[in-house]
Amino acid sequence: MTTHRFNQPLGGNEMPRFGGPVTMMRLPSQPTAEGLDACFVGIPMDIGTSNRPGTRLGPRQIRDESRMLRPYNMATGAAPFEHLQVADIGDVPINTFDLKKSVDIITEFYRGILAHDVIPLTLGGDHTLTWPILRAIKEKHGPVALIHVDAHADINDEMFGEKVAHGCPFRRAYEDGCLINDKVFQIGLRGTGYGPADFDWGRERGWRVVQAEECWHKSLTPLMAEIRAIIGDAPVYLTYDIDSLDPAFAPGTGTVEPGGLTIWQGLEIVRGAAGLNLVGCDLVEVSPPYDPSGNTALIGANLLYEMLCVLPGVGKGHAD
Amino acid sequence: MTTHRFNQPLGGNEMPRFGGPVTMMRLPSQPTAEGLDACFVGIPMDIGTSNRPGTRLGPRQIRDESRMLRPYNMATGAAPFEHLQVADIGDVPINTFDLKKSVDIITEFYRGILAHDVIPLTLGGDHTLTWPILRAIKEKHGPVALIHVDAHADINDEMFGEKVAHGCPFRRAYEDGCLINDKVFQIGLRGTGYGPADFDWGRERGWRVVQAEECWHKSLTPLMAEIRAIIGDAPVYLTYDIDSLDPAFAPGTGTVEPGGLTIWQGLEIVRGAAGLNLVGCDLVEVSPPYDPSGNTALIGANLLYEMLCVLPGVGKGHAD
Amino acid sequence: MTTHRFNQPLGGNEMPRFGGPVTMMRLPSQPTAEGLDACFVGIPMDIGTSNRPGTRLGPRQIRDESRMLRPYNMATGAAPFEHLQVADIGDVPINTFDLKKSVDIITEFYRGILAHDVIPLTLGGDHTLTWPILRAIKEKHGPVALIHVDAHADINDEMFGEKVAHGCPFRRAYEDGCLINDKVFQIGLRGTGYGPADFDWGRERGWRVVQAEECWHKSLTPLMAEIRAIIGDAPVYLTYDIDSLDPAFAPGTGTVEPGGLTIWQGLEIVRGAAGLNLVGCDLVEVSPPYDPSGNTALIGANLLYEMLCVLPGVGKGHAD
Amino acid sequence: MTTHRFNQPLGGNEMPRFGGPVTMMRLPSQPTAEGLDACFVGIPMDIGTSNRPGTRLGPRQIRDESRMLRPYNMATGAAPFEHLQVADIGDVPINTFDLKKSVDIITEFYRGILAHDVIPLTLGGDHTLTWPILRAIKEKHGPVALIHVDAHADINDEMFGEKVAHGCPFRRAYEDGCLINDKVFQIGLRGTGYGPADFDWGRERGWRVVQAEECWHKSLTPLMAEIRAIIGDAPVYLTYDIDSLDPAFAPGTGTVEPGGLTIWQGLEIVRGAAGLNLVGCDLVEVSPPYDPSGNTALIGANLLYEMLCVLPGVGKGHAD
Amino acid sequence: MTTHRFNQPLGGNEMPRFGGPVTMMRLPSQPTAEGLDACFVGIPMDIGTSNRPGTRLGPRQIRDESRMLRPYNMATGAAPFEHLQVADIGDVPINTFDLKKSVDIITEFYRGILAHDVIPLTLGGDHTLTWPILRAIKEKHGPVALIHVDAHADINDEMFGEKVAHGCPFRRAYEDGCLINDKVFQIGLRGTGYGPADFDWGRERGWRVVQAEECWHKSLTPLMAEIRAIIGDAPVYLTYDIDSLDPAFAPGTGTVEPGGLTIWQGLEIVRGAAGLNLVGCDLVEVSPPYDPSGNTALIGANLLYEMLCVLPGVGKGHAD
Amino acid sequence: MTTHRFNQPLGGNEMPRFGGPVTMMRLPSQPTAEGLDACFVGIPMDIGTSNRPGTRLGPRQIRDESRMLRPYNMATGAAPFEHLQVADIGDVPINTFDLKKSVDIITEFYRGILAHDVIPLTLGGDHTLTWPILRAIKEKHGPVALIHVDAHADINDEMFGEKVAHGCPFRRAYEDGCLINDKVFQIGLRGTGYGPADFDWGRERGWRVVQAEECWHKSLTPLMAEIRAIIGDAPVYLTYDIDSLDPAFAPGTGTVEPGGLTIWQGLEIVRGAAGLNLVGCDLVEVSPPYDPSGNTALIGANLLYEMLCVLPGVGKGHAD
């Protein structure tokens, strides 16, 4: 066996795919982000959801189904484990009985992560979690550009009178000054709402809203080129709600909206983020009870891997 | 809270989405169609099915999963509850032990509905039900144009020697003079059959048959423009068999045929019916036991909502 | 059709079992408890759960599966709808983003119910809900005897530092003086814990703890005779956690403990409460995503019906 | 390999259990009952069901899951394939669009079977089918004793105004003089009903009704001894509704009633029929969509095998 | 009923779709390929799989779900049963405890098949099986052109040190000289790997590798035209791994890779093989436990039917 | 927080139950058994199964569902983590493509474990694995007494001509002299077989076979007393096949036999092993795809915990 400079996923020729540790990609785990270039971290939370529950089990199932992932990206040639030190640092100990406290626990936890020079890739969990992450991101990087892939704008001022819920994170992040407003992109929005303001609120703040209907029947590679040009070298956060995908592709989620993105478009979006100055990523809203096959989690795991492949510093693989 | 002129769906800020009444969109229910512009009505029937059963539970699951639907259509701007009085009038009490009697019960029930000036939107139920509805429609409106979205032509003369079955409704409707034959459109047909006559019988009567293969890899918006031009201001009935969609999008149905329409095309078809003189609509063949996630029913609920959004008299929403 | 003095469940000869309203037993619904002797009410909540989620959907699935229930109890002869006016009054609008607020919403809602002379039968929802109900019960009836059927004692002082969670309701109820301590019975407790105090805390307060092992291989009819003798005519609250049953009988729940009660014992317990001065009952912790067949909810519906059958004033049916 | 005098199930050492023909026990199939002592026959019907559908797929899944059955009965020593010629003769071609016609098709089909000197073991299908079988049985054997294992009495005069439905077969069989009334046993009845007559109607005709509650917590071997004594050498038909079992044991059925028989009792009942003059047996109401694991069908297959093991003429196995 | 020259699938007007024999398309079965032009044969094997198991049950579920297939291809006009004698010859009795022995059993079994002038259509089973089939094919036809539709190249030299596994068949077939290297096409490859060699190894041998990304957003009809031109009249083997399809279309498989082909492309590929000199086909890797709805198997059944429709000698149907 | 002398399971007040490491009981993991008194180890294998597959995923799901287990046994008072150092040492890297090699890998792996003074508790995996474990056990402890809980005797000489399969381990162990024949107990055997020898072969060697029928309707506590008296202080191995339980309790397994043990009996058996000189234990045949709820694995996890609680040296907990 070759000696590697960096952590490697446990390979299928050393342990059957269905054995071995249940960490992301069967990577080594460690308790903190120390010494890492990138880390996978789970937030097992669903108390911010407004319809079907279950995302609390998302990180577990994503890790489980990530077992098939091999180190090399056949489409792009990226070989992340030849360029970055990566590990799985486990889960954030949220308080499942108090959403507001959990939000603060998350911010504090990410402060701890970001004390190291590391890029966190988060396994959700419901979308409430992006707000507290962005608060910690801002403390380190200042306001960021945002690529937000989702069926919903998540910019409600309140849900049921509450400021903290999975439909509100980007309103809160805006209020907290976490975002560079002319570099915010919301892709895949659709469905029903309470009125045009659901999408226009962001537009009025300078955000670019790409409704799902604009994406139908075509490649999103041109859109991503445009987005890259606008973002330039600003720090970028990528937040990917699995419900951006049409439920044909990702049935295991809680607030399903038909007419969504395809998985091909999803891959184009993430791959289209290559070259950007990514400072953090998340993949949220996988709800295992609604897809017992595990395929939704498996797709989530693949998208997280694709995010890893486009982080700054990741290059092609060497000849094998 | 604003006072509304018309019935409104119970909102998620008044009752969590997973609570409240199990009516279509959590609308008020009432026993008759009196005073309504449009009504949702269920026909819990599967004794007309020839392969997998389960559509008897379709109306229940469609109503259950409709709970996420909000009043405003983000894509089209339609705001049906600002323009129409809508309610859920419950289910038709079919005789589940006798298909032939059920067919007459349905016609009689729709006569009762159509005694009011109302457009019925039907939650199926197997496709047998469209024939008895069309009989009642004809009594009020005369022969109608038909937009029939389906994997199957449903024009068998007989199945197993029977005239009443879910593969025969449009043969029967033709015989009963319910249709304007040069304004009949069958979209999404495909799969295997007993011979070319399965699709050509309709063509020979002047119907336009758009096989699924003609739809692959493209938008159906142009097709709908063409259809609108041909139909003009004739009264139109829209019947949507969920199995028209490829099973990737709608796995929970009984007579599955691969190679079907996409959900994007499905939405284009229904939205493309805007401006027509719709006098009735149905969504049939959702079989809950074959999709425990509920997503097929949820898609059915969305399509029914989209039908509501294109009814005559539905306009845009006012500023919120 | 006979004219009935009281509300009747919609019968299978008037509407197929799979049609009709999705209320408990297909009873009429009404917005308040006014004029009722007993009412069914749902609390769609799971944010108090510590392991698997899903009980937020419990009331919906219990109502759905209650559709098979006919009015007469073949085993006991009870005919509740000949003696009581019963209806389904819908769901409590809990705040799904804040457990502590929800607890107060529930108490307030039950104050409203108990302003009428009615016995509430609650469809849960996670077990956190029993505490706020007991607070309202105490305001009307003073402290009550308690029959608590469960796998867990639910007397934790805190969970994750919180006082409100589904493992704490009876500690809170004790502190609030809701219970007559020498008339508290916990039946079916078992599994793993943090130490003997998990069960002994109650014993030290005078409660009778019947561990599951004491119940194995025998009828619980004698136990219930003993319990009735001790309770006498004190007001009694019956709280039934579906996880008291072994998971063979009730797989669809969140904190599963093997080695539990049988359904025969479960029925003996509820039927054994006949003659007591019941002032309220609940059935909690049904989690639909963990039993897509619906059978756990169906069993929950049956147990709720059996509770109705033992309420004060319910007698045998008249000759038919 | 030994040469056998009779058909043998295909063994696991000749073809993996998950391969080979999908016949009952992987026995040879033949188109008629000619030359057989016993035959398995399917009736793929569910249009007589009043709640959940799916029994139309029962025969297919029972056959599929019967693949694990080996020839020798370890508990009783019975070796049916050393004493009887047995085959699977396929399915009755019912008319799935007309229940009343199907009933006549079944009777006619069984006349054909009974033209041979053979005992039919029927794989259902909904319970409606027992009536038309009993009509054919009567033509050959005269009225018969009946062992009827079920959650329901199935003696409704009508359901929804219909005489033919899965809740009526024994009323019809009684009217047609198919039964020896003082030798009719209904075991396992329970649940809710419309009044005491649901169980008393049979009692008034001399039938013995053993409610489920009488069976709880004990062996049914003594009951079967009593039944055998009463029946003596009269011809007997055994009809086994899988819903007689508690849903813990048989979740995959349509009209579930908690508090049922155990599988141990179920086996005691069938094994307790040894020595009787059985002339026919059926196993009905397995609904595959409600148990995707296949276990309910597997239990049904085992019960059918146990029925085969108690047919007249079946003895012990010879030394191997 | 018309007399047919060839075997016909049992029609839905003679036996309900959910009854009848569980053979492919409800065709007659026979023990050998004698007298047949084409035969369906199952290989119930999953011991070559490296991730999720279950393909051992593939042939059973494919046959079960093939029951809806009617004889005539509505899209292409092909009427295979008017031109070919076809039957189902059952399963290969693999040794499920020894993969290496199974491989030899398969080759020997196909030698037996190919002793007749017949084209085998194989129901898998894991992809290991294509190698032993190709060995037998080569003995009869010499090296063949290959159309290989898959998510994976399956050209590993070893897996876990083994030469026989479902990731190695085409490496082995290459080594055994089974392939015409300039007429090998691999379509749909994608996902992660150990390095570029995973796809380049074939390219270095002259194979054409069409990665999934090349297929996105377009029709594959032009590709197939190109392939037909290159292959000319060489004998061709078509091997179709269901995981070539995106998991949205075929969730029930074991080594899932997002971003795959659509079912429309899948149909275009198979239909695009019309006119080629096909000498054998297989459809592999359907894993029933991962799609309890049966839809993946149903799609597999349809693809096998489409393969039958493009075999040499199959023409259009005659007027009915 | 208290400082503990030994490893402790991660508690629910430090990390929500649905977060944290996926090790057995969320214990620390370590690569070898060094320094441990007992260890959990997984064998992810199903290539020895003869019917349904899936046990390869058993260890993963058992670990996942073990997350609810708390340290103290409420029924017995055992507090294993106050007396033993326990960890999860991961999985045996079996060769999933070669069963015979896997058997040797297992023996070699357990030699490594047993080089330490530790008791292994194995998470299966199919039952083939007990033979290679017993070979390693014998090398250290000599022949052992055996408590074998199962639906099947697993003493076939061959399956499909093979000596290594999940139906053969105890024949092999016998031949290898691993067992003290007058101290072998097989409990729960039942179902169908090829002849009486299936159970009598063991009896002829002095083994005690307790067929399931002997266990029906009663406690097994007396049986265990008897077994303890016979075994005395001989070293004992406990092997628990989850299919010993009736499928009502453990649906998720591959070779289901109705009429099995209850979970109460299962717990009595394991708890009845307290005081014996246990040198190893396993829990095998959990097949996750056949119980998506996870309950079968959860029961397996509980039984493994109960085994831990009866290991030599485990005492009661101290006052908390």
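Each chain carries a letter (A, B, C, D, E and F) given by its place in the written order, and its residues are counted from 1.
Note that a residue touches a chain if its C-beta (ideal position, glycine included) is under 8 Å from a C-beta of that chain, and two chains touch if they have at least 3 such contacts.
Quantities reported herein were computed from a predicted structural model and do not represent experimental measurements.
Counting steps between touching chains, the shortest path from subunit A to subunit D takes 2.
Think of each touching pair as a link: the shortest run of links from subunit C to subunit E has 2 of them. Note on interfaces B-C and A-E: more C-beta pairs are in contact across A-E.
The interface of C-D is repeated, with over half of its contact pairs matching by residue number, by D-F among D-F, E-F or B-C.
Subunit C has its Cα centroid 41 Å from the Cα centroid of subunit A. Rounded to a whole number, the gap between the C-alpha centres of subunit B and subunit E is 37 angstrom. Multi-chain contact residues of subunit A (touching two or more other chains): 16, 18, 50, 52, 56-57, 96, 159-161, 217, 246, 248, 290. Contact between chains, using the touch rule, shows up for A-B, A-C, A-E, A-F, B-C, B-D, B-E, C-D, C-F, D-E, D-F, E-F.
Of all residues in subunit D, only 11-13, 16-18, 67-75, 77, 79, 217-219, 246, 248-249, 263-264, 267, 293-295, 298-299, 302-303, 305, 317, 319-320 touch subunit F in the complex they form. Across the interface of their complex, subunit F is touched by residues 50-52, 158-161, 189-199, 211-213, 216-217, 246-248, 251-252, 255-259, 290-291 of subunit C.
Residues 46-50, 52-54, 56-57, 95-100, 159-162, 164-165, 289-290 of subunit D are the ones touching subunit B in the complex.
Subunit B contributes residues 14-16, 18-22, 29, 42, 44, 56-57, 59-60, 63-64, 90-94, 96, 292 to its touches with subunit C in the complex.
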